[in-house]
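Structure provided below as structure tokens; questions to follow.
Residue numbering begins at 1 within each chain, and the chains themselves are lettered A, B and C in the order written.
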Amino acid sequence: MLSKRPKASTIIAYLAIPLLLYIFAVFIPLVTSLFYSFFEWKGGPNKTFIGVTNYKTLLNDDVFWLSFGHNIYLVLICLIGQVGLAFIFVMIINTRFVRLKGVHRTFGFFPSTVSAVSIGFIWTMIYDSRRGMLNWALTQMGMEDKTQVWLNNSELVMTLVSIPLIWQYIGYYMIILLSATSAIDKEILESAELDGASSFQKAIHVVLPMIKNTVAVCIVLCVSGNMKAFDNIYVMTSGGPHNASMVMAMYGYQISFAQQNMGYGSAISVGIFVLGIAVVGGMQLIQRWISRDEVG
Amino acid sequence: MKKSSKLFSILLSALMVGSVLAGCGSDAKVSSVVDESSSKASEVSASKESKAESKEEETKTDGLAYKGEISMMHFSTSEESEGNGGSDGFRTSIQKWKDANPDVTLNETVLANDDYKQKIATLASAGDLPDVFLLQGMNTKAWAAQGTILDMTSIIKESPYYADYNQAYFTPFTDGDKLYGLPALTGGTCTVVVYDKVAWKAAGFDKFPETWEDVKKADEYFKANGYEDTLSFGNGGKWQANSNFLSVIGDRFTGPEWFQSIIDKKGAKFTDADFVSSLKFTQDIFASGIFNDNFNVVTNEDAREYFISGEAAAFIGGNWDVSYISATLKESNEEAFNNMGFAVLPQPEGATKSTNSQNIGLGYAVSLNAKLADDTDKLAAATDLAEYVTGPDFSTYVAENYALAGLTKIDDVDLSKFDQITQDFYKYSYVDTTACEIYDSYVNAAVWDVLNTEMQGMLNGETTPEATAEKTQAAYEQNY
Amino acid sequence: MIEKGYGLTRGKKIRNGITSVVLNLIMLIFSLSCIFPLVWMFYSSLKIKREFNADVMSLPSNPTFSNYQKILTNTDYHIGESIMNSVRTTVISVLLIVAFGFIIGYFLARVKFKGSKIIWIMLLMGMLIPIHSLLVPIYVVFNQTKLSNQWFTLMIPYVAFGMPIAVFLVQGFVKEVPTALEEAASIDGCSFSGTLFRVILPICRPVLITVAILQTFSCWNEFSFALVLIKETRLQTVPLAMTQFTGQFSSDYPKIMAAMLITMAPIVVLYFAFSKHIIKGMVAGAVKG
């Protein structure tokens, strides 16, 4: 924090416009949605006030809670897969062993620029049981008994849809972490190397603490992004088979649009939002606890 | 003649709609409609008469008083219109109307179907529909109850083409005695078995089997002779098993009265034994191994490729699949094209109703925003547009170019200039079979979404037909 | 590199050699997998539908540009106009996101003031909003304020929903920069605004470039807001024009891919052409501590 604080009028002058814009586009719709969630509203001008009935339904809605479980699964697997792998890749790129650093940096980010439709389509092709690459590879390796209709396997489908998600966003977090490591003085990294610190130790003890704020931002991004995951899964399975890959945002969308039950759909949106805050808040507490542990 | 009796029953219910057609005059028209498919002569004379009678037609040509903008939303993208007769005809008609009415600025929003559905639901919820748009059958009652769509009963009755309308097509867009839209695009079957005649002949069947036991026998032959699948089907979008299979199988078990009772809320339930039997049959037949093992994951677009490539001996899908398969085979494999045959679904064991039904209808109707009622001139212009794009010009265009039928009947469809396959499919769709309803053109979105999702689990053996029926019934009671 | 290797034992050299091969291999496989979609989309777009459906992976036996020709010559798609709209929307949105993100991020990192905690939480909440199920309220709000269907309409949600990420990244970055520079500038008599723009802004270049890259792509690709908030063809953005390429019951994938590539082209070409500079800007802004 700065020791000398700017005047209150300066603060207001700088912050007023962006915050007003933000409140208009983000908060007013959210509050509107909260308002709608107390109504039975099948789309159109007629709404009937029903109090908290939608929320009671939500608490007992098996599909919603199943979806919540899937979101938590996604969050965990993507924290390891997206942020974790991105950090490892950044560390690898930063070592002196790796050639073509620029190529890796440029190419790695590319998948996150491709639309979810294409990514979903490509991976559907990979998993396709007839022409797909996965079954083809298994057959080539003589493991024909392992081939199957992948996306129809209720137990595997969440893992299968999270793999493209991880792959697509590694580059996204790589870019963020790369810019953060750029702030680290090269001398620090090099001196650690001369001390004989192994790469792993260097990563954990030297680099991680120096970019911990950015890592924390990545974690928040990853958690919040996966709590509202939608696009890729929608393209690949639309939540199927049955509800085996249903996630909360898709369920809300399905209720609002496919079933045109806007009132209940709004309640689901609010539910996603509240659960999201709870999970991110929980993560923050854990993070704080860990970092306190480190300091001590 | 089975089609006639079926049509007649639908017609009777459609006729309750209005009493504008009084006395024996209406009866005469009804019979002319019913006879249409079997006797061309009576149809010709009947519609000629009615045209002569209609006076409104002349007033229509006077031009429109309205000068200004009309907003319109639809999903006939130029991509869609390639090879799809209905879309092509719709786009063509809109263009002609625009050319004929230069004083009206038609602001079109054209989106792909999925995006269209999302946007129109958003607009309907916000009470801000475009002036002219396409209404999906299953939304009729819900949106009518909201008062967002215009009651078009009198407009339709006064339409210059009224006498030529195929009344059966109006039922999905009817609520009580009110009509809410002019059925648009083309009427095509949603369920047809497309099969390779030569392959099935080799398997010992001169035409497609009439029982599923025979299909299973053929399956043994096909599996032993290098075919991957006997039947290919794609339920990856969840709606296909409902629209392109269950809707017909249900009719075979329950008969049309049951579904009419569901529509009218007259006591029929999804948990009724006959309907549950149809679910049970659907589950069993998909588990029997005669379909491609990935039917629950791939879409109909993928599944029809299995037929095109010769991996599957037959395919079950809708008219849109038929037009794609025909076009592709015609270009790439003339022999396979000429061997294509069309058949209704075989009769399930234990099913006691119609044996040759297939579901056919018009899924969308041109509807108007209820707010137009306040602006007489604008309403007149929008009405003119709606009538034109569903009128005789449209029907003539799709009949002459694609051998398809629209809302307005036209006098003589000359089938002879089309190839044998197109003629066969025309006969399958409009002449040789009994029409039954497309489930998801009625009731409402919530019920079908629940049924479709539950059915996908049921086909994987994860839930039972009884549980599926119960959940659907619960959604029905709660939402309809 | 050589100096560092000097003095190492042979065993260490071999170990380093193996490490080097393994690490390079991992990164190569990853990078190639990342670029594969682009390559695959490109050669698939040179196929015709039938050939693609017969085998989705193989190279085209008869490469043809007919898909591109069909799209570029079809006036229904309004490609040129859509690209112009997308460029305008993206450029202005990204500039605003970077500017606002920089300012708010800096304030949150450095200035103690009442409400900073609330702002932080508010921004966090924005990242948790599932926009797909909120489209109706958003439409209603924009429609009632008459802000829908204007040339600037889409910039409002793009900037608002892009801000949290930008703020958090800037805030995280600034926190890791020592305050000494600002204190020094302040002692030299530099005003708050002067310090902000002359001292801090250059330091933040890497993170601001990162924000700009991330947001450029997300603004360019955004679909849901555009679908709901834009009515007229003359205002449509590229993803909205894209929806015209898919039919209800027909899916010509090679053509869809050709369309995707055409619409991605401007931005992807820019990215690859300037990637050296972009990455340099990102990485070379190192601050001396």
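Observations, loosely collected:
Here is the rule we use: a contact is a pair of C-beta atoms (placed from the backbone, for glycine too) under 8 Å apart; a residue touches a chain by one contact, two chains touch by 3 or more.
Since the model is a prediction, treat every value here as computed from it, not as a measurement.
The chain with its Cα centre farthest from the Cα centre of subunit A is B. Looking at contact counts per chain pair, the maximum sits at A-C. Between the Cα centres of subunit B and subunit C there is a gap of 43 Å. We define each chain's centre as the mean of its Cα atoms; on that basis subunit A and subunit C are separated by 15 Å.
If you average the Cα atoms of subunit A and of subunit B, the two centres end up 41 Å apart.
Shared contact sites, meaning residues of subunit C that touch two or more other chains, fall at 135-136, 140. For subunit B, the set of residues touching two or more other chains reads 118, 122, 125. Within subunit A, residues 128, 256, 262 each touch two or more of the remaining chains. Those residues of subunit A that touch subunit B in the shared complex are 41-46, 128-130, 149, 151-152, 154, 237-243, 254, 256-262. Taken in their complex, subunit C has these residues touching subunit B: 50, 53-54, 74, 76-77, 135-136, 139-140, 143, 227-228, 231-233, 243-252, 255.
Of all residues in subunit A, those touching subunit C in their complex are 1-6, 8, 10-11, 14-15, 17-19, 21-30, 32-33, 36, 89, 92-93, 95-100, 102-115, 117-119, 121-122, 125, 128, 131, 133, 167, 170-172, 175-176, 178-180, 182-186, 193, 210-211, 213-214, 216-217, 220-221, 224-225, 227-228, 230, 248-250, 252-253, 255-256, 262, 265-266, 268-269, 272-273, 276-277, 280. By the touch criterion given at the top, residues 117-118, 121-122, 124-125, 127, 139, 142-143, 145-148, 228, 236-238, 293-294, 296-298, 302, 306, 444-446, 449-450, 453-454, 456-457, 460, 462-463, 479 of subunit B touch subunit A in their complex. Residue ranges on subunit C touching subunit A, taken from their complex, read 1, 4, 16, 19-20, 23-24, 26-28, 30-35, 37-38, 40-41, 55-57, 100, 103-104, 107, 110-113, 119, 122-138, 140-141, 156-157, 159-161, 163, 165, 168-169, 171-173, 175-177, 179, 182-183, 186, 192-193, 206-207, 209-210, 213-214, 217, 221, 223, 239, 253, 257, 260, 264, 267-268, 271-272, 275-276, 279, 282-289.
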